[in-house]
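Each of the next two complexes has chain A plus one other chain: chain B in the first, chain C in the second.
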Partner chain A sequence: MHPFTIPFMAGFTMMFIVLIIRYSNWFRGFSTENRKRIAGRMFTRRSIHALNEIFRESLLHLKIYKTNPILGYMHMSLAFGWFLLIVGGKLETWYYTGNFANPPQYAIFFRFFHPVTEATGIHRIIDFYMEFSLLVVLSGLTIAMVKRIRKQVAGMKNTTRHTLTNRLALTFLWFIFPLRLLAESATTSIHGGGSFLTGITSGLPFHPAVELPLWWAYSISLGVFFVCLPFSRYLHIPTEMITILLKKWGVEPELKLKTNKGLQAFEIHSCSGCGICLDACPAIGVGDKKFQSVYFINEMRNGKDHSKTAELCLSCGSCQQACPVGIQLEPLRISARENLNSEMRFNHTYLPSKMILWRETTDVILFTGCMGRMNPRTTQSMKKLFDEAGIGYVHADEDENICCGRPMVLTGASEQAELMMSRNRDIIHSYNAKVLVTTCPICYKQFKNSYKLNIPVVHHSMYINQLMEEGKLNRHHSNLNFSYHDPCELGRAFDCYEAPREVLKRAGHVVALSKEKEKSLCCGNNMGTILLERENRQQITDKTLMVLSENNPDYIVTSCPVCKNTLSQQSSIPVRDIAEVLTDLPEIKQKTGERLTAMRESHIN
Partner chain B sequence: MSRISFGYSVSEGKVINLDQQKPAWLEKIFELEPSLHRCISCGNCAAVCTAGHFTGMKFYRICLNAFRGQTSDLKNDAKACMLCGKCQFACPRGVNIRHAIMLMTQIQKP
Partner chain C sequence: MQQPTVSIIGAGPAGLNAAISLAKMEIRVNLFEKQVKPGGQLSHWHTLFPDMYDAKTLLKSTINEISHPHIKLYTTVNIRQIKRQNNQWIISSDGNQEFISDAVIITSGFNLFDATKKEEYGYGIYPQVITSLELEQMFNGRREWPFSKDIEAPKAGFVHCVGSRDTKCGNNWCSKVCCVKAVKQAIEFKKQFPKAEVSCFYMDLRMFGKGYEELYMKAQVDFNIQFIRGRLSEASPSNGNKVHVKAEDTLMNRPLKQNLDMLVLMVGMTPAIWLNQHAERIDFEKPKFKQGFINPVENYQSTIYQNTPGVFAAGTCKGPASLIDVIQDAKATAFEVFAYLKKEKQNVEILEKTT
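Right, the complex of A and B next:
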């Protein structure tokens, strides 16, 4: 081999060694259960599903296409184009030498070693394929360069500010492909051969003396990039694929977050720093400290203090929804908070335990939660609706309410929420009911995910929708325009977008918004944040209200008491809960005739 | 001149002593959560507090006592909190009460 291949070989070998050391370290952090899962599921159909996802997401980047086609093409052309070059190079050398196991540098610098291949059909096709792949990569590179200057080209409003290592790696990555083109063109212009691309560029006046230095430069930039890779964001390229495999095998996060242990280590290092989470974040541009997920992950990766980035965030889940790699950002953040606040000690032994003498039988248990106490109107409306539909109910937390525990979980004290949860569970289990209806999405999430209750839990918007579908509630269609605000803990957390809209469509029109459903903004005041100042929270609320006020709706409707409280404090348009819309608005009237018919029918049946 | 005795004295707790040095850990809490300085002890937080309903703990009291350097019950009172956040909605001054409570439960008292 020629000495100019040494920088590439040295860089490539070093990357390989560092990757093996780092990965084996992270693998050592897996718990016994996780190891069993990997061993048991490695040779099942799950691995094929994972390979499919790797092809779709790591090479074609289909999720980024959905965010923005140009941005998607940029990532696809770099990843898939490079993949085509590697596969093509292997096939080319295999075909040429008849030996599959030739060394990698032979394929990468093939044109230097064999400038002119025979001009038979198959060689022409291979040459064309290789140069076409290079053109694909170069087109993506051009977009990447333009994006650095004008990010709007790729539909981005904010881009990540990168660390020095990342910028170094980026520079050398950018050099690789233009240098390959130049080196191949120089060889073509001197020795002949080549296909359509070098056919054009070899027309440039190349002096025979520049050929070898160009190949040296190509080799060096490859080598430096590979040395930088395990220490920069480009570590995501190999890590993302392993993370997809691990997730498909059902590996669970380790109980305690460590940035160099287990699944979390793989997730953290799968972040490509693409910055798609920045535009998704409702709190972008708020406050002095940037706390978006890409910065949070970056700080954890580099072992820096991440207390601010972990605790400022409002935990609305937008970034997790937008993340093209599918990193579980919300659980990661909560685990980080658990580590940061491990000294926190609460004492809730004062909570009274409920003595159960008899179990009252009823249809529905209504749980309005802490915030429900500050919104008695919603509770009253809900009770009116129950009466109207002829459903028996018990208001479980009418006199005194114990917090559901979700706010505590969000601050990283999930273990200490257990006592509160068991007291609430006792209260709920002290009734014989068919269903638990809660008016608060925060409680809903906690009940649904952590309580293990003996009855199903529904949010009141779902329950009202169900009653309307069954014909137990009816409303005349009015001319009112509603804009619906999706609460984070109901929408993004449970994909519950349609039930509340269905309810509103029966009573009026639901106006379309520029950001709704999975892209809806945060009201600015949920329990997810620990540190964010009130002024900053108000800024977020203002931005959200701008979106909600598009098309001048008559009412802003939501189904979360926190969102309602927060929005109504700053809104010029009245804000109502979905239950209040049906009972308190004078424009919306009950279809009395139909209701009676429905009742009669139900009696006959 | 000797002090005239009126037969009563000012009780310790009602004296505001600005000269008194706050303990270092208390200074630290105020430094980490500066919005505590905005508290005017209006009592809105206590009005909505569930933990207060059960135990009698009042956040504005904790705050007021901390200003006065009375910190004997501070940590125990803070421990009763459920972090539900109703107080933050009620607070007219935008005090980050949940964070303050979280800090108070973590202090290592000498």
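Right, the complex of A and C next:
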């Protein structure tokens, strides 16, 4: 082999060694259960599904396409184009030599070794294919370069700031393909051969003396990039594929988060730092400290202090929804909080336990939660609706209530939430009911995902919708316009977008919004954190209200007590819970409380 | 050249007193009021702290004084905008009426905090929960008591700082007067129902004015009113037409629960208007979240509004103040306006002739 291939070979080998060391370290962190899962499922259909996903997401980047087609094309052309080159190179050399197991540098610098292949049909096709693939990569590269200067081109408002290693890797990555084109063009210009692309570029006046230096430069760029890869964000390229496999095999996150152990290590290093989560974050530009997921992951990856980035997030789930790699960002944050707040100890042993002597039979158990106490109107309305529909109910937490436990989980105190949960479970199981209805999406998520109750759990918007579908509740269509705010713990967490809208459509008109459903913004006061300054939360609320007020609706409606409480403090348009809307109709405006209207008219105005 | 005219926007205590003072200095006044009658918030009160002075008497004597040849009162006129033109201001109303004047005093006062925003206190949900203003109306018989007439010893609670010193609703300020007002109302309630049990839930008690501290002492010693340091966490319905409240007694470090016949929310002061300032005009708008009271040009020149020559502000439109302070501020502003008009070159001769 020619000495100019040494930088590439050295870089490639080094990358390979580093990757093996790092990956085996991470593998060593797998629990026995996870190892069993991998061993048991490796040779099943799951692997084929994983390969399909790798093809769709790691190479074609279909999810990014949905975010923005230009951004999607950029990622696709770089990844898939390069993949085409690698596959093509292998096939080309295999075909040419008849030996499949030729060394990688032979394929990569094939044109240098064999500038002119016989001009038979198949060679022409291969040459054309190779140059076409290169052109695909170069087109993506051009977009990437333009995006660096004008990010709006790719539909992005915010992009990530990268570390020095990342920028070094990026620079050499950018050099690789133009240098390949130049080197191949020089060779074509001197020796002939080539296809349509070098056919054009070889027309440039190449001096024979520049050919070898260009190949050297190409090889060095490759080498440096490969050396940087395991230490830069480009580690995501190999890692993402392994992560997809691991997830398809059903590997679960390790109980305690360590950034260099188990599935979490693979997830953290699967982040490409693309910054799509930045535009998705409702808290972008809020506060002094940037705590968006890409920064959080970056800090964990580099072993930096990530306490602030882990704690400040409101856990609305927008970034997780938008992440093209599908990293489970919220569980990662909660695990990080568990590590950070392991010192925090609460004592809830004073909570009374319930002895069950007999079980009262009823249709519905209503659970309104702590936030229900902040919104008595919602509770009152829900009870009115039950009465109207002839549904028997018990209000489980009417006098005394125990928190559902989710706020504790969100601060990272999952273990301590257990006691509260078991007490609540006892209360719920002390009734003989058909369903548990909760007016709070936060409680709903906790009950649904973590309680293992003996009865189904539904959110009140779903229950109301069900009652309406069954004809037990009826409302005339009014001429009121509602804009509906999707609570994150109901919308993104459970894809429950239609039930509340169906309810509102029966009572009036639901206006379309520029950001709604899976893209809906956070109200600014999720239970996710209490550490984000109130002022910063209020900024988020302001932005959200701007969207909700877009078409100047008569009412802003939501189905979460926290959202309602937060939005109503700042909104100039009245904010109502979905249950309140139904009990207030038809003359909702006049019915905002007779005394209240009277007071407003006589004194406030 | 004509005699100078001053427009006063808002005929509450500040506007009325400024008008009277200016008229005494031989200056013409256009006094605008959006309600049917002048008097502003004062017309809703029964008695005044700290001396239990009858609010009606004070209001009547003030209104009598404005029937002065120099004062022209325009009621049910809502001012929407003022515009500068050749050293004068054009005042436009909602009905597109226009008035020209040489100076403007903004005395738009305050609104009471909308207690429905603190839904956890149950205002508008449970009939036992009322505002401090509604209580005044119960004192003067314009409103029914929220509990049955048979109850001889009603239990009442007063919640301080509702919508004041509360970052959640964006009102970071102290409304100043609610502390002493709650004390006054509690005493008055005890006078009407001597067997009543009354508790006040407070954060701090700020008895800054003359006679306030004495009144507070009197409430404790003579009327046995309980003062509990701690905010209410919630109010919920309770059996037998009562409202159940939960709070924490932070001095005793103990959670506290009570069943009450009446819960009074001491609603704070919020700005009534927001001045949207443009180059040559000021629009009067409904305040949005966090748009606070009018800022004077500086704290030591508190009567002058920003750098707009001829625009002054008096009273609670600049922030919470007691009635006594408002009256003094209005009189001081009237003097500043007089001095301003005197300085205005065109008016010098006229002023010399008249004085």
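What we mean here is this: the second predicted complex is superposed on the first by the 584 of 605 C-alpha atoms of A that agree within 3 Å, B and C clash if a C-alpha of one lies under 4 Å from a C-alpha of the other, contacts with A are read in each partner's own complex, and residues count from 1 in each chain.
Here, a contact is a pair of C-beta atoms (placed from the backbone, for glycine too) under 8 Å apart; a residue touches a chain by one contact, two chains touch by 3 or more.
Keep in mind that what you see is a predicted model, and the values were worked out from it rather than measured.
*Asks:* Applying the document's definition of touch, where does A:432 land relative to chain B and chain C: first, second, both, or neither?
*Replies:* After superposing on A, A:432 lies clear of both chain B and chain C.
*Asks:* Determine, for the superposed model, which of the two partners chain B and chain C contacts more residues of chain A.
*Replies:* B
*Asks:* Output check: A:68 vs chain B and chain C. Expected answer is one of first, second, both, neither. What do you get?
*Replies:* neither
*Asks:* In the superposed arrangement, does A:531 touch chain B (first), chain C (second), both or neither?
*Replies:* A:531 contacts chain B only, not chain C.
*Asks:* Who does A:31 touch here: chain B (first), chain C (second), both, or neither?
*Replies:* In the superposed model, A:31 contacts neither chain B nor chain C.
*Asks:* One more residue to check, A:572. First (chain B), second (chain C), both or neither?
*Replies:* second
*Asks:* After superposition on the shared chain, which partner residues are touched by A:328: those of chain B (first), chain C (second), both, or neither?
*Replies:* neither
*Asks:* Who does A:343 touch here: chain B (first), chain C (second), both, or neither?
*Replies:* First partner only, chain B.
*Asks:* Classify the contacts of A:376 with the two partner chains as first (chain B alone), second (chain C alone), both, or neither.
*Replies:* second
*Asks:* In the superposed arrangement, what residues of chain A touch both chain B and chain C?
*Replies:* 373-374, 534, 565
*Asks:* Applying the document's contact rule, which stretches of chain B touch chain A when the two form their complex?
*Replies:* Spelled out, the residues of chain B in touch with chain A are 35, 48, 50-51, 53-55, 76, 79-86, 89-90, 94, 96, 98-99, 102, 105-106, 108.
*Asks:* Touching chain A in the complex: which residues of chain C?
*Replies:* Residue list for chain C touching chain A: 34, 41, 44, 111-112, 114, 116-117, 119-120, 122, 124-126, 131, 133-134, 167-170, 233-237, 286, 288-290.
*Asks:* Of all residues in chain A, which touch chain C in the complex?
*Replies:* That would be residues 373-377, 380, 534, 538, 542, 565, 568-572, 592-593, 595-596, 599-600, 603-605 of chain A.
*Asks:* Touching chain B in the complex: which residues of chain A?
*Replies:* Residue list for chain A touching chain B: 311, 341, 343-348, 350-352, 370-371, 373-374, 400-403, 407-408, 411, 413, 420, 525, 527, 530-531, 533-535, 565.
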